[in-house]
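Here come two complexes built around chain A, the first alongside chain B, the second alongside chain C.
Coming up: the complex of A and B.
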């Protein structure tokens, strides 16, 4: 029973993310309209089920007459790109530092742990706004900002996990047999922290999508013309009483995506972890 | 000529109390030496020092660990690792944490033979099968493909014993190998270790707190209290007439299964006080010695 529910969770989230990847890849071809074309005569059209709306605009239009569905489909490109690239790089850097600190201990741990402490003393939102102000708003600066802020999350968790694994007898046996420190770390420790890393990675992808949305919301993301979910939410906010759909549909897309990432992580952990399997 | 000779080995916590106080002992080829003492007496510490796996929080302050005549502590770290890997192995205490949960049993036995000792894959695989048969595992092929969590504690301890003997080491350190197992399994495992040791002619350093185990497996015995060796004798002599009052009390404290009505005889306070005083006196002479040298 439990088994089946865990499987269902994994499949549902994988399904949503797969659909999103397809939408992002095929956005120019499957979008019903051009996401940038404005038509003030067709501004604030309600979604298809409301009587008297113009056909062909499934999820309505925003205050400039742009098609909401097309903009969500194009916004998925930015969201997924940020999730994959920023999440991946953050994971790689953070997990490497964490593994080195947790297994090698000694001065390596001292240096990395102090670095983490100092890093985490910066307020993250101000830090990212500052970074983007310096680098200039672009997709690359968003990714850099996410990596720079969030690597500590991986480093701390992986460090603790590597420490716990390092105290196990199988690590002592490997050392007695003559395996070097790096060899022991990669062969004995890494496979056992991997399930944790996978869960963190998927959580981080969700967080990256949210951070991108937040930065778009405060107009620090890519140019406001290009459709992003955060930008759409920000624009929709101003006309929420006249056209709620401009705000709500990108919000649903964002919510489902973040939820799918976290559930995918939990589901994968159950598959990945040899002890739980 | 003993294969392992420890001379005046002292270990302490960094900026803390002494854990081993000038420990000396010998293990001849093919001989089994028991290390006995209560928790915290430092018996496991000796095994860890020999194998070079002391935790980073402790340091060796003096002494020599002679493996086949060469002092490991005077060698560069890499060379001492190589020598330990080539001639020593460990049977750890807790079979539940001593196998890597992420790897199948087969590679855990064979990979070190292939990667570190340069065996061919086929030779290592054949060796692993033979060893599992030797430790009386009924279906070696299936067990080699299993993950550790699929096997029972006794089964895992058998695998660890097989793995320890895999490269025909000259010396094995068994760190309380039966403590985590229940009594019926304990007996089988002990018989197994004793049998393997005798057949392979391996020297064995057997860490335990159980004198009953010592009488079955060991020929030589060191009794430790607070890192000090209080008695070093043959097992036959020890059980006939222990020389030190502490080890005599320890022997008297062992419950007799033949006489369940006899009750428990804890080590008397007077004996504990005496042995503590002995340790304190030892530390004082040591401190004085350091002063006159300085």
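Coming up: the complex of A and C.
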């Protein structure tokens, strides 16, 4: 019973994310309007079921008369791009550091662990805002900021995992059988920590989406014209009493996406965990 | 003896960490493009004006010299002068700190109450639908970060059913008799319950948004360790004595189940404090985090440095306290 519910959770999350990928890829063709076109005569049109709207603007328009649905679809491109690229690079760097620290131990471990401690003493949101201010607002800066801040998430967990694996008999026998240190690390330890890394990567993608939204919210993401969910939410926050839909729809998109990534991660964790299986 | 040695060791590593933070912050923000001095002067200021003001703030010195001057000041409690407001950074930061502390502690209290209740209800109804419902709620609460909970709360309790205020710390038209910046605390001491209610009505949503993820962590961990404790012999003994389930959970199991939860709550509490930055922004709450974002936008280098260092001090202090509390509370470490 519990397993079936977990499976459902996994599939629903995967389904939403697949739909999102499709929407992002096809955004220029399936969007009903151009996401950047302003029309002040059509400003703050309510969504389709509310009286007094224009046909053709399904989810209404924002205070500059831009179509909310089209902006959400285009915003999905930014969100997914950040999730994939930032998540991937963070994973690569963090897991490498964690693997080195956990398997090689000694001074490598000491340096990396000290770095992790220092990193943990930074408030992450403030750190990311600071980095964007330094690097200048752009998509690349956001990705760099996420990688710089979040590598410790992977490093911490992978380090502990690699340490635990390194103490096991099969590692010792691989060494006795004549495998070198690096060879043992890549051929024996890595495959065994990989499931954990995949789970962390899925969770990190959700975090990356949120970080991008937070940075757009404080107007430090890419240019304010380009549609991003966080930018839309920031704009909707200022007109929350006059036009709730400008805030609500991008919020729903963001909420479901973050939930989907994290549920997918949790679901995969259950799948991979031999104890639970 | 053991505890003393642990304390000294942890204090030393904490100092190393803080020094690392200071170095990184100082050099990272020195790379900021855009001259903060040029922004302070009215348009039409000459090159000579800029040079004079740069000299005043020490910005014309080499980086390493600047760092030396700054660090020398910090050690004596002088964090420099804010470029935008021209007030001492320490005064500005300490002026805002109480607002953020009150918000964080309020959130912590909410998280402990909600998470504790969830754990007790889940343990009481273990193996039934009730436990399943608690697990699902915990999972949801944990999956979605405070920023999104803040927006959801704002829409539901601020706009749809306007119960609470969606921005600010206190209604601006109110006359405040306070001498400290601990408004919430001081209003209680002065028995001004009207002001207290107004403060809570402003603080409720940001605090709850911060509390939800932490409440889920507490709920999950505490429930897990309660369930383990419930199977121990001494609990079974209490049950055979005829005590009811609720009594057994609260009086017998809880005390032993709390300890494993405590360490993780400490780490999670630092995440909560980190979350105040964006939550304060979202709810226009006049705390440190909101000031930090303004400082970054205004390129106010001394102020940014001061705030980041203060956050780092709070983070490391919380971790230190939790570690020591764990050592003191854990009998195995105490007598070692």
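By our rule, the second predicted complex is superposed on the first by the 267 of 277 C-alpha atoms of A that agree within 3 Å, B and C clash if a C-alpha of one lies under 4 Å from a C-alpha of the other, contacts with A are read in each partner's own complex, and residues count from 1 in each chain.
In the analysis below, a residue touches a chain if its C-beta (ideal position, glycine included) is under 8 Å from a C-beta of that chain, and two chains touch if they have at least 3 such contacts.
Note that the structure is a prediction, hence the values are computed from the model and not measured.
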- Message: In the superposed model built on chain A, check whether chain B and chain C fit or clash.
- Response: fit
- Message: Once chain A of both complexes is superposed, is A:106 in touch with chain B (first), chain C (second), both, or neither?
- Response: first
- Task: Scan A:177 for contacts with chain B and chain C and give back first, second, both or neither.
- Result: first
- In the superposed arrangement, which partner chain does A:31 touch: chain B (first), chain C (second), both, or neither? neither
- After superposition on A, vertex chain A (C-alpha centre) with arms to chain B and chain C, in degrees to the nearest 10, comes to 90
- Message: Tell me the contact category for A:130 with respect to chain B and chain C: first, second, both or neither.
- Response: second
- Tell me which partner A:168 touches in the superposition: chain B (first), chain C (second), both or neither. first
- Message: Looking at A:218 after the superposition, I want to know if it touches chain B, chain C, both of them or none. Which is it: first, second, both, neither?
- Response: second
- Query: Regarding the shared-chain residue A:237, is it in contact with chain B (first), chain C (second), both, or neither?
  - Reply: second
- Item | Per-residue touch tally on chain A - higher for chain B or for chain C | C
- Query: So, A:70: does it touch chain B (first), chain C (second), both, or neither?
  - Reply: neither
- Closest Cα approach between chain B and chain C after superposing, in Å? 18
- Query: Along chain A, where are the residues that touch chain C in the complex?
  - Reply: 2, 114-115, 117-118, 120-127, 129-131, 133-134, 136, 206-207, 210, 213-214, 217-218, 233, 237, 240-241, 244, 247-248, 251, 254-255, 258-259, 262-263, 266
- If you look only at chain A, which of its residues touch chain B in the complex? 105-106, 168-170, 172-180, 183, 187-188, 191-192, 194, 274-275
- Given the complex with chain A, which residues does chain B contribute to the contact? 48, 51-53, 56, 81-82, 84-86, 88-90, 92-94, 97-103, 108, 111-112, 115-116, 147, 149, 163
- Residue set of chain C touching chain A in the complex reads 13, 16-18, 20-21, 24-25, 28-29, 31-33, 132, 139-140, 142-145, 147-148, 151-152, 154-155, 158-159, 166, 270, 273-275, 277-278, 281-282, 289, 292-293, 296-297, 299, 304, 307-308, 311-312, 315-316
